[in-house]
Amino acid sequence: MRKIVTFGEIMMRLAVPGHARFVQAEQLEVTYGGGEANVSVAAAQLGLAAEHVTCFPDNDLGKAARGFYQKYGVGFENTPLRGERLGLYFLEVGAGMRPSRIVYDRFDSAFANLEPAWFDWKKIFQGAHWFHWTGITPAISANAASACQEAIVTAKEMGLRVSADVNYRRNLWRYGNTAQEVMPALVELCDTLVCTQGDAEDIFGIKSSSFEDMAQQMLERFSMLNTILATRRDTLSANHNRLTGLAYTHEGLLETPTYEINPIVDRIGGGDAFIGAYVFGLHHFDENQAQALHFATVASALKHLVPGDFFLGNVAEVEAVMAGETSGRLLR
Amino acid sequence: MRKIVTFGEIMMRLAVPGHARFVQAEQLEVTYGGGEANVSVAAAQLGLAAEHVTCFPDNDLGKAARGFYQKYGVGFENTPLRGERLGLYFLEVGAGMRPSRIVYDRFDSAFANLEPAWFDWKKIFQGAHWFHWTGITPAISANAASACQEAIVTAKEMGLRVSADVNYRRNLWRYGNTAQEVMPALVELCDTLVCTQGDAEDIFGIKSSSFEDMAQQMLERFSMLNTILATRRDTLSANHNRLTGLAYTHEGLLETPTYEINPIVDRIGGGDAFIGAYVFGLHHFDENQAQALHFATVASALKHLVPGDFFLGNVAEVEAVMAGETSGRLLR
Amino acid sequence: MRKIVTFGEIMMRLAVPGHARFVQAEQLEVTYGGGEANVSVAAAQLGLAAEHVTCFPDNDLGKAARGFYQKYGVGFENTPLRGERLGLYFLEVGAGMRPSRIVYDRFDSAFANLEPAWFDWKKIFQGAHWFHWTGITPAISANAASACQEAIVTAKEMGLRVSADVNYRRNLWRYGNTAQEVMPALVELCDTLVCTQGDAEDIFGIKSSSFEDMAQQMLERFSMLNTILATRRDTLSANHNRLTGLAYTHEGLLETPTYEINPIVDRIGGGDAFIGAYVFGLHHFDENQAQALHFATVASALKHLVPGDFFLGNVAEVEAVMAGETSGRLLR
Amino acid sequence: MRKIVTFGEIMMRLAVPGHARFVQAEQLEVTYGGGEANVSVAAAQLGLAAEHVTCFPDNDLGKAARGFYQKYGVGFENTPLRGERLGLYFLEVGAGMRPSRIVYDRFDSAFANLEPAWFDWKKIFQGAHWFHWTGITPAISANAASACQEAIVTAKEMGLRVSADVNYRRNLWRYGNTAQEVMPALVELCDTLVCTQGDAEDIFGIKSSSFEDMAQQMLERFSMLNTILATRRDTLSANHNRLTGLAYTHEGLLETPTYEINPIVDRIGGGDAFIGAYVFGLHHFDENQAQALHFATVASALKHLVPGDFFLGNVAEVEAVMAGETSGRLLR
Amino acid sequence: MRKIVTFGEIMMRLAVPGHARFVQAEQLEVTYGGGEANVSVAAAQLGLAAEHVTCFPDNDLGKAARGFYQKYGVGFENTPLRGERLGLYFLEVGAGMRPSRIVYDRFDSAFANLEPAWFDWKKIFQGAHWFHWTGITPAISANAASACQEAIVTAKEMGLRVSADVNYRRNLWRYGNTAQEVMPALVELCDTLVCTQGDAEDIFGIKSSSFEDMAQQMLERFSMLNTILATRRDTLSANHNRLTGLAYTHEGLLETPTYEINPIVDRIGGGDAFIGAYVFGLHHFDENQAQALHFATVASALKHLVPGDFFLGNVAEVEAVMAGETSGRLLR
Amino acid sequence: MRKIVTFGEIMMRLAVPGHARFVQAEQLEVTYGGGEANVSVAAAQLGLAAEHVTCFPDNDLGKAARGFYQKYGVGFENTPLRGERLGLYFLEVGAGMRPSRIVYDRFDSAFANLEPAWFDWKKIFQGAHWFHWTGITPAISANAASACQEAIVTAKEMGLRVSADVNYRRNLWRYGNTAQEVMPALVELCDTLVCTQGDAEDIFGIKSSSFEDMAQQMLERFSMLNTILATRRDTLSANHNRLTGLAYTHEGLLETPTYEINPIVDRIGGGDAFIGAYVFGLHHFDENQAQALHFATVASALKHLVPGDFFLGNVAEVEAVMAGETSGRLLR
């Protein structure tokens, strides 16, 4: 069985039930999430082996976060329990033209204070075929950035495929270095990148007229890159989106059918499901890009229809939608 | 007051709250349901006397199921508490293009193990004017099929009107006989049948080009039959359906306006509400088929807008919609 | 900081969770609401000082109602705790073409039995710039009508602006006098009125061909009136409405863009949010009627997207929608 | 099967969950209860036929109350749906030395406004062997008192046994007459009375040194009376009570063992369970007073260990405790 | 009306429902609490005017915390909304011999980063008669300690009475200074102190053989001090405590009866209720120390029987227990 | 790290919330449990590696059960997903003298229909040091008994220590063979046995005057046995038990202090925690029987204070109680 390894922070997510506002909340729903770890969940649900590497605080909340992911099949054999606090964020769920809102409380977390020496990447990557990281990790702290770099270099040396989700969040970069300084060297070693036109311009200074144009420039700029992925999301309202998958390789542009997502059950983690399903899809469809992209797009759309950050489902469910079964008819 | 009698199994329904998946469920919502008993609830809510006949296991779960129906006005004067287990099923509620799913766990139930001798149909039918059964009952066990046949024959002898919902579920027929062997003799004695083109072909070998064509052939084949009923459902998504009522009698085809059901609150029991409301409607509208059909279709549509298996409402509510009040404006 | 004063009854609202019917309810969600007090909440949320005047029963439920409003910034410095019962109403939430329904249980409340002498309006209005009342208050009892009249007269004498929401509910007027007898003298002293064509005809005998026509006649009839406000609501279903704001002044008719409200989270209090936000908007936009009306309409629409009777939000959120951000995109 | 008939008001009970105070409640738990109807539930659970007679308001809340009792086997064949409001009360649950508290809101209910002519007691009592009422009913209104008197007289004429729970609540008697004026004539016709020393003194002017003394005087005063019942409750805390059953007949005093109730799950309805189980017990134990009293006391104690107003259990459970099984050991 | 002012941090409290462990929690119950602010709630519930001074972060969580306290009658006229995060803590509720556990996450909060200049104590204390602070505040940051000192000095100058709860938490003092360095100068100006023998030794180096001995030494050491308060808690289990009030003044030692607290509903805030009720009690009983102490002790015991951090109740409830009504008998 | 392997069925547990009865349940709390698997959870929580071997049905419920255990650190590397149904049971929680009750619905489960050939015990036991089974497994079906026997024989051959919990449930043995026929051969190969006097007499015909007497006879009868374990439970009520640990080896009898369990949060799984903690304890205390027994008894007592079937806690928590900290004092 092929194995993916992911690296990044996991936070506690505290969501107001229903559509109430923060000030009304008497209870908060607890789940845990992290963009990279969510990729591992999707891959594990679909049938890959998956290990996530992170740093949990050495308290009951860290253990709770770990157990939450173990339930869905993700391993943590190389994750230390060290440090004081688990980053967290508060989520309020919008409706119609009222947006959902997030209040972050993630600074000074155990992950931000990790030491690169705690991670033996040679050991971690044994038996793995894919490594995935995101632009969130090098934004958190200098140490997190170093550990991420070591991981990428080691993965590449050991022959793993390396993917990243650029995911630029300006207000996270607080420790001194900027994304513009740090990211290019990290992206340099990747094969596969999820990137928007906006991120390409903000971080790499690449101005573009279209996804295709941007992707082409990126492939030229970063020689090891061979695939740029993205989803196009039409946000009709907080409850109704449309999703289309896009990929650009040296073979040119691929685009999937557009899927209606209505009503959205949970928006968070849609992009992570896309990547996890893409990694599985390449394997499942013998490296057929078009099928993998289609599979990933449908898995991402289905993720929006389940509460929590995770894609929870199986291959047959995704393939049924790919085959056109989008009516949601009751299955007895 | 006119009285309907129904016969069939009642199961515990364990539904995952909201749109969570089975693997996420920490709580399950308990209701009870059975296609035939649901017909009695609709009839009782609208104003008919209603008794359901079944077999409950002799334990607290059987009594809980009975109480659940008594609350809504259905009597159980002739139902034994005998046997070991209550059949049950698990329900996961979909959204958008993600279907709802049912996991059945109903074999070897108290109902499946009933003895025909436990039911004194002569006594049961005293004072009743209508008997309703479905194709689920003879599928469950040879004994259930026998009891059902005795009930139909006795009902007919005593002058009751007899209706059935064909409702073919191939994977239920496990005890040796097939629907093709058993059903024709049972349908032979019915006046009114709910039947789809697919069921007519699968069970009775009747190929047809339209509902009307099928219904015409059915009336020719089964001489006592005088009405074939159906609803046409357009499944736009798990949350959005459209419903139209259809009836075919010796007078020809009747078709109701089409009703939007959006958002669906609970899909289960929509067909049962249709039948219970039709039986009431015939009485209420002095046997006017068109009005009864319209009434039944609206009641079925309204059922989808209430949680649980049951039609819960009154005549005025149904008639308001029939009169065109479909805007859902707040009633103070 | 400008200050609004409102006067009227506050009731306990007991709502069935989800879309269940009354007969299914095992729990009821408790909030408190009153059309006039809800106006104070909206004004307080947006930044005005706000005091509500009412009469609570002298028991734990009265104190609970008071605390519920204090949480959202409304003061009750001049509200007695006297009398026996808190009026209440039961709410069942519809879906699609099934309407929401209210069962009132509000007679003989502490508010209905208030004594006008308990309220020292001179003291109450000190420091206030606006007084708002509705046609519900004079309907409740002769004493409530007297107190309301004293308040209006005093407010006018002290130079406050006075607004009213006509809000005619025929079945509330039980104590002997009719709306037709009582209301004209009260409206006589108002500057600003929320009024529909139907209410204008029923209470003031003004027949009209359009909102504009009605408003023009009202301004002619009541010499102090300078503004007639309304919202036009298209009720597509219990879940989907469209809302447009309307105002008529001596300058002529103003009309806002139309806003989609889909899915409606909570319909109650939409009109109250409109008024509270309008009062704030006049202040915020330096008496610009068009901007105040636009602001009020958006605030009202946003209110429908939050559970409970109250507008809960801030100025920036309303202005973002006014600026065209209606896609409900996640805010991190 | 023997049949008991009971007569009295049923109210909605709105209880704060857990041990929260009214001011904290965001949800209220809805059940329905009435002292007389609760007696019918206990009798029906244990195996008697049971019908309750009351007047429900003609709205969804009245129907919900009726369904709530039907679920547990109580019939309402002779109960009209007429009038406007359902009486209700709010319950806050104490702990330790903090008492539970009730806020009543029951005046002007549909039951208070009933017409005696709505009840055909000759028809109602057909097939019944026992009639039970309480001192609450004649306190509610002159009409309720009249209907109660007619019921008692008719029951006596038709040979039913008649029991009453004196249950004196001074602040309920608001309509003009007093308990001292009304009750003696009603008690005159009873066989069996639940009465405390305090009630005997307050209503009948009987001063006594002990339960036995009071009961002896009562039997002398009211010639048809043959049994005085009571439970002695030691209130150690809101969570811990001790209960002993007492009966006095012409044979003398009977007293049961004392039962520990710790922790109390729900205190309301304990006395009603005692009476319902006593009526069943007399039948079950062939009129053996000591056994019936013991059975009734255990049933009452067990009622405290179940949420809601009702005794929910069966004969075997009560008899197991009577036989000494008080350890609460898990039953697999 | 007399007015108390309190100063200190307010945190979000996230409690696991029931007795589940952190790792099991799918939901957390949200309340807000702070030792000083809880004192204001108790005082406000009992009838004093109360204002709390703190610093909330300028986000929805800060506003939610503020609203939570406003509901119970505490004012925040002088509290800025500045800074980034609200401190928080997680609570797991024990049972029997299993202790409750708290995981703190409170560093770097908005309160820790406050500027002393944001608080105009002269204005704040106008109209107030009492100021209360605790040893938590000077532990949080140098700035918090400075602001606290300014408040104490100003209060003293303006003639307010000043009380403090020593409440030594070694692991909070992280910013450089120690409690031993900071606290003596602050306590110097207080009249009334809550202090345990352990705290007296740890902070002031006062070794003692008994509460009385310690208190005597404290009064000698700090010349303005005139009252030392404490509660003696016997912890029999997580569910069962016993509580006794102690006070030492120049008149000597006072000790209240001992109160059983069983079962404990919520342990947090018991000490805060004691102080708030003591301040009210002095006023209510015309400075009678024995009565104020008794009142405070009962209020503290009753606080344990209500969920959340707050004393919620009224004077009559406390006085009923003082008068011996400890049986928890239902109040209708 | 040492590793324990356990083998047995896992069922879905559906528990009525609070103390409600089955007939009242609108929701059921879902957890999963199995006596043998619960032993693995306790061992994994305390720090051993743990794998459970079972057979789950190949549906979403089987996967949900697996995820539920994975969360707490138990592996399922050698467990097939085959068959149709997951056994389940319904639990109603008693109070005081009212017992908790279980309704089983476990026949014909996927586990009952397992094939012994699906389990490669040589592979399974690699790296393990302990194997644990119970008398439930050979009771379920002939195939389960065969698989269990193969496991025991293989474990013994490979040098693992083997323990069993006799746990005789007469009504489970339905497939033809009896416990008396099957169990002796299986117990023959065990080192360690949990056994009561009743079970020893019922299954092995050993009559005894005390635990010590029984244990001595057992050691004589089964030559490989070296330890008999038991807990003595005093059942004071459904909420209050006392627990004492007992062990008998060739060195004689060991007995621990008695621990109060009050209030019981969840009774199920107490014995499983005892065994899992004993296996860990032997390792942790270098085979010191007295310390291991003490540790196991405290862990079992603590298990009763947490909801669900599992011991959830750590070594420090158990050792704190062993050291005398039984007051349940709040840990900040």
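Think of it as A, B, C, D, E and F in the order they're written, each chain with its own count starting at 1.
Here is the rule we go by: a residue touches a chain if its C-beta (ideal position, glycine included) is under 8 Å from a C-beta of that chain, and two chains touch if they have at least 3 such contacts.
As the structure is a computational prediction, the values presented were derived from the model and not from experiment.
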item: Partner chains that chain E and chain F have in common; value: A, D
item: Interface sides of chain D and chain E: same vs different residues, half threshold; value: different
item: From the options D-F, A-E or B-F, the pair that copies E-F, where over half of the contact pairs coincide; value: D-F
item: Most distant chain from chain B by Cα centroid; value: E
item: Centre distance in Å when chain A and chain F are each reduced to the mean of their C-alpha atoms; value: 40
item: Approximate Å spacing (C-alpha centroids) for the pair chain C, chain D; value: 45
item: Chain B, residues touching no fewer than two other chains; value: 21, 23, 26, 67, 71-72, 101, 263
item: Chains grouped in pairs wherever the two touch, ordered by label; value: A-B, A-C, A-E, A-F, B-C, B-D, B-F, C-D, C-E, D-E, D-F, E-F
item: Chain F partner contacts - residues on chain D that touch it in the complex; value: 71-72, 259-263, 265, 301-302, 304-308, 312-313, 317, 321, 325-332
item: Contact footprint of chain A on chain F as seen in their complex; value: 67-68, 70-73
item: Complex contact set, residues of chain A against chain C; value: 18-21, 23-24, 94-102, 104, 169, 235-239, 263, 267
item: Partner chain F, residues of chain B touching it in the complex; value: 14, 21-23, 25-30, 59-61, 63-64, 67, 85-86, 88, 90, 92, 101, 103, 105, 107-108
